[in-house]
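Letters A, B, C, D, E and F mark the chains as written, and numbering starts fresh at 1 in each.
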Amino acid sequence: MSVIIDFFIGFFILVGSLFCLIATIGVIRLPDVYTRNHAASKAATLGVMSILLGTFLYFYALEGHFNSRLILGIVFLFMTSPISGHLINRAAYNSGVKLWDKSVRDDLKEYNKKVLEKSSVD
Amino acid sequence: MTNLIILPILIPLFTGVILIFLNKRITGQRVVATISSISTMIAAGLIVQKVRTDGIQFLNMSSWDAPFGITLVSDMFSALLVLTTSLISFVCLIYSFKSIGEEREKYYYYAVFNFLLVGVNGAFTTGDIFNLFVFFEVMLMSSYVLLVLGGTKIQLRESIKYLLVNVISSALFVIAVAYLYSVVGTLNMAHISSRINEISVNGMPGILTVIAVLFLIVFGLKGAIFPLYFWMPGSYYAPPTPVLALFGALLTKVGVYSITRTYTLFFYHDIEAFGILSILAILSIVFGVIGAIAYWDIKNIIIYNIIIAVGVILYGVSVMNIASISGAVYYLIHDMIIKAALFLLIGIVIKITGTSNLRNMSGLITRYPGLGWTFFIASLALAGIPPLSGFVGKLLIVQGGFEGESFIGGFITLMSSLLVLFSVMKIFINGFWGKDRIYSGEEKAPVKQLLIAPVILVVISAFYGIGTESILPYITQAAHTLINPNLYIDAVLKE
Amino acid sequence: MSSLHLAILAPLVLSIFIPLFYRIFRHIHAGWFVLPIPIVLFVYFLTFLPETMRGRSLIEMINWIPSLGIKFTAKVDGLGLLFALLITGIGALVVLYSIYYLAKNKEKLNHFYVYLLLFMGAMLGVVLSDNLIVMYGFWELTSFSSFLLIGYWYERDKSRYGAQKSMLITVFGGLAMLGGIILLYIMTGTFSVTELISQANAIFNNALFDPALVCILLGAFTKSAQFPFYIWLPDAMEAPTPVSAYLHSATMVKAGIYLVARFTPVFGEHFLWFLLVTSVGILTLVWGSIFAVKQTDLKAILAFSTVSQLGLIMSLLGAGAAALHYEFLDENIYTVAVTAAIFHLVNHATFKGSLFMAAGIIDHETGTRDIRKLGGLMHFMPITFTTSIIGAFSMAGLPPFNGFLSKEMFFTAMVHVTEMDLFNLNTWGILFPVLAWIASIFTFVYSMILVFKTFTGKYQPDKLDKKPHEAPMGLLISPVILVSLVIIFGFFPNLLSDSLISPAMASILPSLLEAGEEFMVHISFWHGPNIELFMTLGVIILGIILFKTHAKWKKIYKAVPEKLALNRFYDFLIEGMQSVPYKVTNTYMNGSIRSYLVYIFTFFIVILAATLIGKNAFTFDTSNVSSIGVYEVALAILVVLASICILFAKSRMTSIILLGAVGYTVSLFYVLFRAPDLALTQLVIETISVALFLVCFYHLPKLRRFETRMRFRFTNALISVGVGVMVTLIALSAHSNKLFDSISQYYVENTYTEAAGKNMVNVILVDFRGFDTLFEITVLAIASLGIYSMIKLRLNRRKEE
Amino acid sequence: MRKTNNLILETAIKVLLFFIVLYSVYIFTAGHYYPGGGFIGGLMTAGAIVLLLITYDIKTVEELLPVNYRILTAIGLLFAIGTSAGSLLFNVPFLTHAFGDVHLPLLGELSLHTATLFDLGVYFVVVGVTMTIIQTIGEDE
Amino acid sequence: MEILMAFVIGILFMTATYLMLSKSLLRIIVGTGLLSHGAHLLILTMGGLKRGAAPILGGNAENYTDPLPQALILTAIVISFGVTAFFLVLAYRTYQELGTDNVEEMRGTEKDD
Amino acid sequence: MIDIMIRLALVFCSISMLGLIYRVIKGPSVADRVIALDAIGVNLVAITALISIVLNSHAFLEIILLIGILAFIGTVAFAKYLEKGVIIERERNH
């Protein structure tokens, strides 16, 4: 039993940290804000959630300590990181950070243009 | 064990909070503040009487025994200072009614005023070194607010300097407490004292001397002793008069009190530390005098006189015999009263003339004789002319100094009186005497009402001097406790 | 409270009512209310005469501060009574004179008489107090009432100058005297003069004896305007003439004389006493008389003459102290000096008082006191002339006036000095009579100038503001009374000898008397052709010659450079006392917070380093340390790196973020050092602080968003390294010196059982040390109020609008 | 600056606020047993309100939460003082606490402790102070 | 560890001092921030580091770290937070009023108001 | 076994921390920094969790959620600042 638990704990933690690492690599290597944000908010969050899960298991299994805050934390992270990712991206876009020159689509730009035209027509 | 001794802290605290609710109702604020001030005074008086009859009073906060909780201790020294503080604050309060202005009153002037008293009274009463830090912060934070309240340019500018110096001093205070805790492992002052006493039979360990000096720096920054006073003249120049009077009368004295308390309670084994204190005290007198006679600005003159007084008091403490300590205690109280009076008086002068430059005023006594004579008497009291209040203190300090074979110090203390007199008489001769002039602020200044406050103080000062005999037992009791730290330790640690 | 105390305090207490009377009875001259006081007191003190003549003294005591040995002891003995009579007697005359001198409507009489009464009371207090502290109090009160009287016409610059000068010098002396008193107290344990005298022998060899002596003499010399402190007296002439007549000739300046007389039994046997008192006295005598000749202002002449005469009395007292070295009364030839001193004291009060009043009359009637403008007044004011000439002749030492007698005795005393076999005086003591003689010549000269320049010679109406005429009767009463005294004492000197002089001598030289004995004083008019008489003749002859020729040789005075004058020195001192400190103070008080911090930190470093080294306090002990972990090291490196990076950060943003980094790392430290509560708090606080930083600084209206240039400053670096090193060193030695266990075990044991909590830190915060927390949140509340009002309340801006 | 809608944030904030406030209350009540206490709890609550302020604006939030924070501070102080001074009525030293343990479902061990009341004062003060500072500066900008 | 910490604290004080001696108001306030960090760490260090478990009862720890310094630091942190906030706003207002954040320009030798 | 894994995980996390710090310093745009800071916050959560395992104490688990909340608020604030130039508006839509 404990071996299996140990395994799961180790697994979650290790995988989580690897995710984190990969996310970081992404943040460093990726070419523009939007892609980096993608790496950070997706991969890192997943990694951290996994680590938290591992930690939760660790305390629950080895010490019998049911820590509700950890669960709360996982849920919280799960909810917030997309929002913050979204906000940053939108802010970056609106404050005029350029897309990567190899980006292929920019729907928002066209949409904005449309809105702008519309309002000018009005 | 009596809850009485917390009242001088609790009443202003409670009042301060109530006044936050009342911030738009000025009359209400004034009434509440006055009532609280009077009740604080009564409480302080009761404490003094209680200490006189029953000896040192203490109160273990939250009912935890002495070294573990926080203990408030009221010996005669602190009780007297608390009484003086509440008295001065009452007077400054009355003065504020007519001078501080509605805007400031609406922006929590009275509330912060009361919080300042919480800090000061707390610092005088607490028996815990870290709690002292907390009360210092209460006091300092209130003083920052009072200093900057109004937001004029000069206030802002000087507040920055004041704040910065005090932040540094607070940080040093924290590290001094940390060092002390590392060495003796406790925070209760009586406990610290008894622990230091245990190991200092054959002289105090060097590290404790270092800590003693560090404490001297910390409190010296607040009390404005010689190489640490530089921030003061500028900062005290900025605030409105009643605040200035409070600062001048109370804040530096808290530093002086703390030096006295720590040195007589913790470090009395250490001759070197006392030597340093003595030298610094004498230098404070010298440099204070140099500043006081240099300026033609009435505010600056009185501000530099604070430094002189601090030097004189600490010199008395550093000699550490019964005469000099009694003198220091006596002089400390005298100085609080008379400094407040002087600041209030020059406040009126500035209000009338619209300037603090002595060269731009003259002949005030022709139309303001009451002001002039009050100032004259206050100046004499400041210079220590019998039978006014400064005299006995100075006499005892000098006598103690001579007895302690510290002739240079005693002589300098004595002669400082002359230059103090010179500096304040300069104001009298040039500002009050001379040809009468017309001034800008004359119509606005309600001189008669404003004068009530300083007159009260001067009358008290006169009684303090003439009625010395009835006050002296209290002073002697205070000095006796300071000289024999065991009284303090026994009172707190042994139930 | 005895009648004696009442008598002393009466003028002080009654002075309070003067403004009241003044206000109610506007049409009556306020002087009339005052006049009864000195008269009643004079009569009252006369009643003591029989007692003191019998050698007894009366002591009354009120306890003032008995626990400090300060009692208001009033003692009337011969010396005290002499002075008391002088004060009240002359006081009555002066008040009478002033009623006519000061106009009822023009002057602020209420002030004047308050000051005058204050002075009178103070002076009575000085001479009748046995307790030195009380005496000191009255002593200072005389200084201040004199200050107020000199500055009576405070709108004049010269009045203020003179007032300040006299106050500074006399208060200086007073303080020195206080020092002496304290020294005496330390030696003997008493402030009572009577007890001091009884212990005088015991303290003779005490190391503090000499300093005490010098201090007391400083007090006496400044008050009695002795060289070099006399400079205040001529400037004090700015006071109204009645004041000059009263304070600056007859009474206050004699307080120093009184002090010397009073302390003669204590210090008199000491050589230093003799040396200082006698030589300073003689020097002052010569100096004052020489400079008096130079003056052109009537009152200035009188002022210098007073200086000189005071020197004379002083030197007599000094010489008289020599008497203490001889046991037997009969053979004691030196007591004559004391006799002369007291006699001259009285005489001086009479003739100088009358002269001052005459000068006042002249000033009053002609509008000037400048002798260059005066002349030929004899015909206009015959009575004034008569009084003046009698006074001046007495001052010059001409028979048959009282001045002659005391001058003769003075010569006798000075001649005796040469005969002393003490202190090698038989060799150099010859200086004393010679100097005394020279001074007498000059005294003669200026006395003559005073009278003849004013009253004879050419009348110059064009130089005068008013047409002179004789003064009204009221103004003349007082000088006439005084002048008649001059004559009476001249013819019947022994009126004084038994009643006043002998008892006073008994107080000055008590050790010479056996029980029941008293001094037999007999002043005779004719001694036969002895050396003193020849000296007097020499004085008269040489004096007349010099007076006749003085217009010629007076130029010599101009040869003395003005710069060397003591007045110049005083002005220079006062000026320098203000300007030099101003410059000095302004150099270090430059308003720059950086400089202040540099001073503070430098002091911090220096004094702590000195203590560490001096007390050998640095200890280093590695036995009691915890292990070093990898994470901690990593964090430590992070903190260090981040904090050092701040130093080189160029933009605001960077330094704020780096500060945040330090803060967060510190919170990680708290995690590693097992302080979860701290970590929580630090994290949140750090976040809020960083946010505030950003809001307050980054988001400001743009001035310069970035620092222009970062300059490396060597001093700053040095100081900061010093501070860091000191903190580290002390931390190391404090850690190595854990001398006691911490009290923390108590919390571990009691947190759960007694306080029902598990989180010790929190329990300490809300329970064990809840008091701290209460005020910690108070601090926060104050800060928020402050921030609120700082942003909302802007007095400046509104004013501008 | 172009107007942007804030739909995602405004929607999510309703849930998140609940989380944060719940957490802050938890951390406040648990203070006696686990890390936390009135101070940190108050800061978290303030954080929640700040989040609201960021999402909406001062005026909206004022309508939502019509609280004068300076008064809140004062109330908090009154609470703390009142709790401490209550002991004066029983003639025991100032600030003496009394307690009794109660076990509540869900929240676990909760003690009825006057110290908690004291801590509540701290909580209010901290919320009041933080919000006063932030609001004041926010309004000034 | 304590020795290492002593050096870290020393460096914090050093940098803090250097910053406080500079002209820019911001750097000065940053300096005070570092100063208080240093002071807080010093209290912790002086209480002894890592002498046992976190001071929360309930575990099965034998020893606990000294809780007292932690409580002191907590108080000190809160207070220095209040002071820093005040200082910041003061600086902000000064900046608005005087138009500078250079303390050398705030000497005020000319007493204007 | 589990010990080694945790250490390993800590090392990974630390490395990613360094990487993120690099990004914070490098930029180039403010948005990049904010992203990296947000990621640092999230990473801190992980590290705290791991440390509390190492220290074998659940006292620090409270910090996790706290960091999460703070990081979120911080990011939102930054985003708002970037977009609107203010963090707290007095009144929207005007």
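The working rule: a residue touches a chain if its C-beta (ideal position, glycine included) is under 8 Å from a C-beta of that chain, and two chains touch if they have at least 3 such contacts.
Protein identities per chain, from UniProt: A = Multicomponent Na+:H+ antiporter subunit G; B = Multicomponent Na+:H+ antiporter subunit D; C = Multicomponent Na+:H+ antiporter subunit A; D = Multicomponent Na+:H+ antiporter subunit B; E = Multicomponent Na+:H+ antiporter subunit C; F = Multicomponent Na+:H+ antiporter subunit F.
Here the structure is a predicted model, which means the values were calculated and not measured.
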Ordered by label, the neighbours common to chain C and chain F are D, E
Figure out the least number of contact steps between chain B and chain D, where 1 means they touch directly. 1
Determine, using the mean of C-alpha atoms as each chain's centre, which chain is farthest from chain B. A
Kindly work out which chain lies most centrally, taking the average of its C-alpha atoms as its position. B
Check: interface with higher C-beta contact count, D-E vs B-E, is B-E
Maximum centroid distance from chain F, chain identifier (CA atoms): C
Rounded Å distance, chain B centre to chain F centre (Cα mean): 49
Averaging C-alpha coordinates per chain, one finds the centres of chain A and chain B separated by a number of Å equal to 59
Note: chain F sits from chain E at a C-alpha centroid distance in Å of 23
Where the CA atoms of chain A average out and where those of chain D average out, how many Å apart are those spots? 30
Two-or-more-chain contact residues of chain D, please, as numbers and ranges. 4, 9, 16, 23, 27, 33-36, 39-40, 44, 47, 70, 73-74, 77, 81, 94-95, 97, 129, 133, 136-137, 139, 141
At least two other chains touched by the same residue of chain B: list those residues. 13, 20, 61-62, 130, 134, 137, 141, 144-145, 148, 151-153, 160-161, 164, 168, 175, 178-179, 181-182, 187, 234
At least two partner chains per residue is the criterion; list those residues in chain A. 69, 72, 76, 80, 83, 87, 90, 94
Who touches whom among the chains? A-D, A-F, B-C, B-D, B-E, C-D, C-E, C-F, D-E, D-F, E-F
Please name which positions on chain D make contact with chain E in the complex. 33-35, 39, 129, 133, 136-137
Report the residues of chain C in contact with chain B in the complex, numbered from low to high. 63-68, 70, 133-134, 136-137, 140-141, 144, 151, 154-155, 160, 163-164, 167-168, 171-172, 175-176, 178-179, 182-183, 185-186, 208, 211, 577-578, 581-582, 584-586, 588-589, 591, 593, 595-597, 599-600, 603-604, 607-608, 611-612, 614-619, 727, 730-731, 733-735, 737-743, 746-747, 750, 767-772, 775-776, 778-779, 781-783, 785-786, 788-790, 792-796
In their shared complex, chain F is touched by residues of chain E numbered 53-54, 56, 59
Using the touch rule from the top, collect the residues of chain F that touch chain C in their complex. 14, 24, 44, 47-48, 51, 55, 57, 59-60, 62-63, 66-67, 70, 73-74, 77, 86-87
Quick check: in the complex, which residue numbers of chain D touch chain F? 1, 3-4, 9, 16, 20, 23, 27, 34-36, 40, 44, 47, 50-51, 53-60, 134-135, 138-139, 141
